[in-house]
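Note that the chains are named A, B, C, D, E and F in the order they appear, and that numbering of residues resets to 1 at the start of each chain.
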Amino acid sequence: MIGRSGIAVKTIERAASASVAELAKYGVATIHEAMGRVGLLAPAMRPIYPGAKICGPAVTIFAHPGDNWMLHVAAELLRPGDVAVLGTSSENADGMFGDLLATSFRSRGALGLVIDAGCRDVADLRAMGFPVWSTAISAKGTVKATLGSVNTPIICAGALVHPGDLIAADDDGVVVVPKARVAEVAAAAGRREAKEALTRERLAAGELGLDIYGMRETLARAGLRYLDDEAALERERNK
Amino acid sequence: MIGRSGIAVKTIERAASASVAELAKYGVATIHEAMGRVGLLAPAMRPIYPGAKICGPAVTIFAHPGDNWMLHVAAELLRPGDVAVLGTSSENADGMFGDLLATSFRSRGALGLVIDAGCRDVADLRAMGFPVWSTAISAKGTVKATLGSVNTPIICAGALVHPGDLIAADDDGVVVVPKARVAEVAAAAGRREAKEALTRERLAAGELGLDIYGMRETLARAGLRYLDDEAALERERNK
Amino acid sequence: MIGRSGIAVKTIERAASASVAELAKYGVATIHEAMGRVGLLAPAMRPIYPGAKICGPAVTIFAHPGDNWMLHVAAELLRPGDVAVLGTSSENADGMFGDLLATSFRSRGALGLVIDAGCRDVADLRAMGFPVWSTAISAKGTVKATLGSVNTPIICAGALVHPGDLIAADDDGVVVVPKARVAEVAAAAGRREAKEALTRERLAAGELGLDIYGMRETLARAGLRYLDDEAALERERNK
Amino acid sequence: MIGRSGIAVKTIERAASASVAELAKYGVATIHEAMGRVGLLAPAMRPIYPGAKICGPAVTIFAHPGDNWMLHVAAELLRPGDVAVLGTSSENADGMFGDLLATSFRSRGALGLVIDAGCRDVADLRAMGFPVWSTAISAKGTVKATLGSVNTPIICAGALVHPGDLIAADDDGVVVVPKARVAEVAAAAGRREAKEALTRERLAAGELGLDIYGMRETLARAGLRYLDDEAALERERNK
Amino acid sequence: MIGRSGIAVKTIERAASASVAELAKYGVATIHEAMGRVGLLAPAMRPIYPGAKICGPAVTIFAHPGDNWMLHVAAELLRPGDVAVLGTSSENADGMFGDLLATSFRSRGALGLVIDAGCRDVADLRAMGFPVWSTAISAKGTVKATLGSVNTPIICAGALVHPGDLIAADDDGVVVVPKARVAEVAAAAGRREAKEALTRERLAAGELGLDIYGMRETLARAGLRYLDDEAALERERNK
Amino acid sequence: MIGRSGIAVKTIERAASASVAELAKYGVATIHEAMGRVGLLAPAMRPIYPGAKICGPAVTIFAHPGDNWMLHVAAELLRPGDVAVLGTSSENADGMFGDLLATSFRSRGALGLVIDAGCRDVADLRAMGFPVWSTAISAKGTVKATLGSVNTPIICAGALVHPGDLIAADDDGVVVVPKARVAEVAAAAGRREAKEALTRERLAAGELGLDIYGMRETLARAGLRYLDDEAALERERNK
């Protein structure tokens, strides 16, 4: 039913807000690692301006190329703190979303939009501080003619998103955390950050990852050979 | 004769300056809509720095990959307020334009450049405040060996541009308005903005596009069904 | 042996520091021209934030898609003023480099990284002022499982880089200067800049490149014809 | 758990073989339409030689860029009539599959492979008649170092595939049918083909789709205007 | 008015059939050269099977992404010998055209289709011998909801096409010849082929292009230097 | 000096013909593996028709976008059995090579061409049986205006090629073998093929790679867990 059209689900189960607040402390890269390196959207998904960072439950939207009708249906179903996430039935760069819809989404309390298509009015959106992650920027207008769905599972930029899953987005991209895993992932992210803080200090002090992570032996076992200089490399080449 | 080489037209008919000034008030997305959703250049055409916005008649340039000779021919034919627009005979990212040509173009009064190829010296151009919309940034130098044309009709990033047509460019991209339509489009853009200002207020106040645009009935007629919750969706899936 | 795995060369011959300092004055476009228009990396190589500019000898890294093991090996071999340069055995956008490695590289004195793959933690890197030129931004984590090499010749974004060659990078992209040519190229870049400064003045004063470069005759010889106006073009079309 | 590593599920529920045989009669485009226009893999997924057509339950494989270890794990779990389907954790074109694995897969009775990565030995595969749909052809070898999974849900070329779902692939691309829907979709595909056969006859006899589908009225209502000739168009342009 | 929607022009002026027959003798590369190297569609436009070659006047179609309504309108306006040519308002790979429309187009006498979008049922089209040049192959279905136009000027794969212009397509791609130039271009193509036949004979007999085209002197004047062997190159490098 | 223009080296040292003959027995994937997984050109390099396979020493050509002058210079320096290999100073798809140059190259005894640019007259080349590996097919004509080089080291599709290096090309792509390594690589390829022949037999007989390569233990050590069925996976998910 991924990609099924014609349905809008009114009430969805969202990730618990305490967990959302907890997870919101961490960056996308950390959350992705804490998940076990899953859940990342494709790197074509880029913020329309630098420095934005949001975290909230997904209201999912499924739409067709060049048709932004379902974004209006979604507006009504957004709650404060939500992140709208839109997947399409095929690749398309048209500017499905602009400052009017952003005004509507903001008045509903939405934090931002993740859209596997184009976005427009980006100067206005930057001025409003309404962040969008999109795969294109395009002024190309869209029609309102064909039904998609709201709050059904979608695929967005290669990732599966269920309504209510947690979306975290920053300058590195976008990651989705299944709602059932939010607390667990937040805890793992916290542990990771604590550990990384220590590592960062040691690295800043000049220690090497080779020593901190104990890589010298595994590298040697894998066969890494150190040559003294380029002359040694040249000799090897001519052997 | 699109793509014909070896001709430079000295005097072109430009869009009337009053109309240009009128149109310059509006953004690319608004103008594109006011045109009836035509005239947009492909979204690969991006500004080299954010925040630039220009509007003026086109001096058109046709060039070959890796050859920027005709930009020098164009310099002489630029008048204050013009926008240079360059199309190529095949796709190429070489840096055809840099700070020297920008200095020359500026001294002629040109507002900026739209180029279906690469641009270089972008830090200098940003410092000068000379905006360029290009499909690539590349330091790759070009030769001066093969004739193209200046002020003949060109295709740039998928759009047809006649010399003297109006070019509007901002963070959303670039749109071309045929010179004969400038006044009409400016008027339509004005009407659109006035209408959107009202809609924006209503949306900001919490009204929904569904109601403002009267979409509920058409959505229902198209077959949109609202389900109460995900359990209802699950039941449907198993039916 | 380009692409050979399992070797790390400890000591490399670097471009002389006086020459590096001299070359560091110039931009990538100027250096590329001074080289005779060679040595440029492909334009897909972009800085993760605008305004960065570095110049230093290359410590080269060869790695496999999705595997950042060799970046740790490289850290130990970096010296103050170096630029790390990474080529891969096949195209891949995974985020091989983030703030921890940047902390390590900085503590070794490295100026920045040029990577034919993805980068993550870009907000942190911007905050640290540690510049990276990459072909992608991606939070996707990588493994440490397969050997590559450090300080052997590599191909990065289509350019051949030997360890110790000089790397210059700015908003226009990245260029590599063979270490043996650094002094010569710096001199040529200086001559070019001096000449361009004069040209820039003349252009700013309204002189045309057509006259400064003496192009009018060559253009005429190549067959460029000036038509008075669009009506003349129309007549030609109908002949 | 999409993208979870380290698990291989031995026994999966496959679509019923009678339904598979029924569905195998139809092409990918017909099945995609019968599904309600869902389930299609992205068009980057192309057959390595023309004319191949397969249909069978999916054994799913999740792998990392440049690492084909899990294809060997999958070989053991393939049953006659199966189609192997591989998704990766990030985009990569390396040649993960060649004639040796094809020999192994064939000896297990597999019909073919759908791989969101590269394939090699394509001349041998064509000679063997072992079809592969891939996003690239590349001789680039891969390692066996990092665990993925077999028979867990995956995303392949933008489509969600559960183990045992039905995969149909031909010259038009690849579609996935959830196992629970196979019978229903086969029936719908049959009805569609029957109807299309009649339409095809009428179209071949010179009737127009405009009349067969009754489009004239809806087109007129949407505002389509017929002009007699290009002169009429020209008059309109100048109005 | 490029890209204007809602108009279908019933009668168009077509290139004269004698000239069409004359031009049909030549390949796309020859015609493109005979045109003065203009009129070529972008190389992304590829035939769905090798070996097809058509030449005929264009019936032009303008359509929106994911919407194939106007192809049905076009069917009625096709005459024997025509080539349908479709441009879109934005990039889209959906399969707008399949075997049913091909059956209809064929019954109208059309020779083939050039479409700046996707095509499906390609095995059937190959079997029918109905050639299509497209930018994608995709089974993705399309809707019939939004008006475009038929027989108005369009841009297709970067080339301007007026209704009635001549379209020639073969394994090298697609070229458009303005109807007013067909006779002239056919004559030029004939002269070119005659000349090339002589050149081909001389080249086959072992003469060099350097001598036939008299390039030795211009190469020398441009500065080409012949070195005897790689040792000489090495000496130069170390100078 | 990679990318240096204006030099043609007349006599180059070619790989020994006995070794070439030996290596010619093997496919590109086998040679790439025998090399230690290096030397492969990027997968964008594709044959213009299926089934071609060549192997011979490289005559290297460096050219600029849209300029095929140096192919004529190269023709004179080709010897029987050679493979011409062309790299460009920047990405470009123009059709630099067609049937006339192929006729000339064939009369010189060349086996084929590898070109990091476009090719045209592909139907003629297929009919002649003159194979080309290119990154594009395009009828776009090129000029003869700017010097490149012949028989200097080049980078082609991301691989370093010295004149005289061995080029092997087939349906899987193109690999370059440094001339000094040809004998060694041929021997390694032979050993690999012998070993693979045995493995192929065992796989065809139903043995698994897991057992032949002894992977079961390393997989277990890496943590691979087998679950009995999807219910077990579901239980795990909910733990």
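Note that in this section a residue touches a chain if its C-beta (ideal position, glycine included) is under 8 Å from a C-beta of that chain, and two chains touch if they have at least 3 such contacts.
Worth saying up front: this structure is predicted, and the values here are computed from it rather than measured.
> What are the mutual neighbours of chain B and chain D in this structure?
A, C, E, F
> Sort out for me whether D-E or B-F is joined by the greater number of C-beta contact pairs.
D-E
> Select the chain at the greatest separation from chain C, using centres from the mean of Cα atoms.
When every chain centre is compared against chain C, the largest gap points to D.
> Between chain C and chain D, what is the gap in Å from one C-alpha centre to the other?
Each chain's C-alpha centroid was found; their separation is 41 Å.
> When the C-alpha atoms of chain A and chain D are each averaged to a single point, how far apart are the two points in Å?
Result: the chain centres lie 27 Å from each other.
> Could you list the positions in chain B whose residues touch two or more of the other chains?
1, 37, 40, 43, 89-91, 93, 138, 140, 146
> For the complex, give me every residue of chain C touching chain F.
1-5, 36-40, 42, 89-91, 153, 155, 158-160, 178
> Spell out the part of chain C that touches chain D in their complex, as residue ranges.
Residues 64-67, 89-94, 138, 140, 143, 145-146.
> Given the complex with chain F, which residues does chain E contribute to the contact?
27-29, 32-33, 37, 40, 43, 46, 50-51, 53, 170-173, 175, 196, 199-200, 203-206, 208-210, 213, 215, 219, 222-230, 232-233, 236-237
> Residues of chain F touching chain E in their complex?
The touching residues are 1, 6-13, 49, 69, 72-73, 75-76, 93, 95, 98-101, 103-104, 106-108, 118, 120-124, 126, 136-141, 144, 146-147, 151-152, 163-164.
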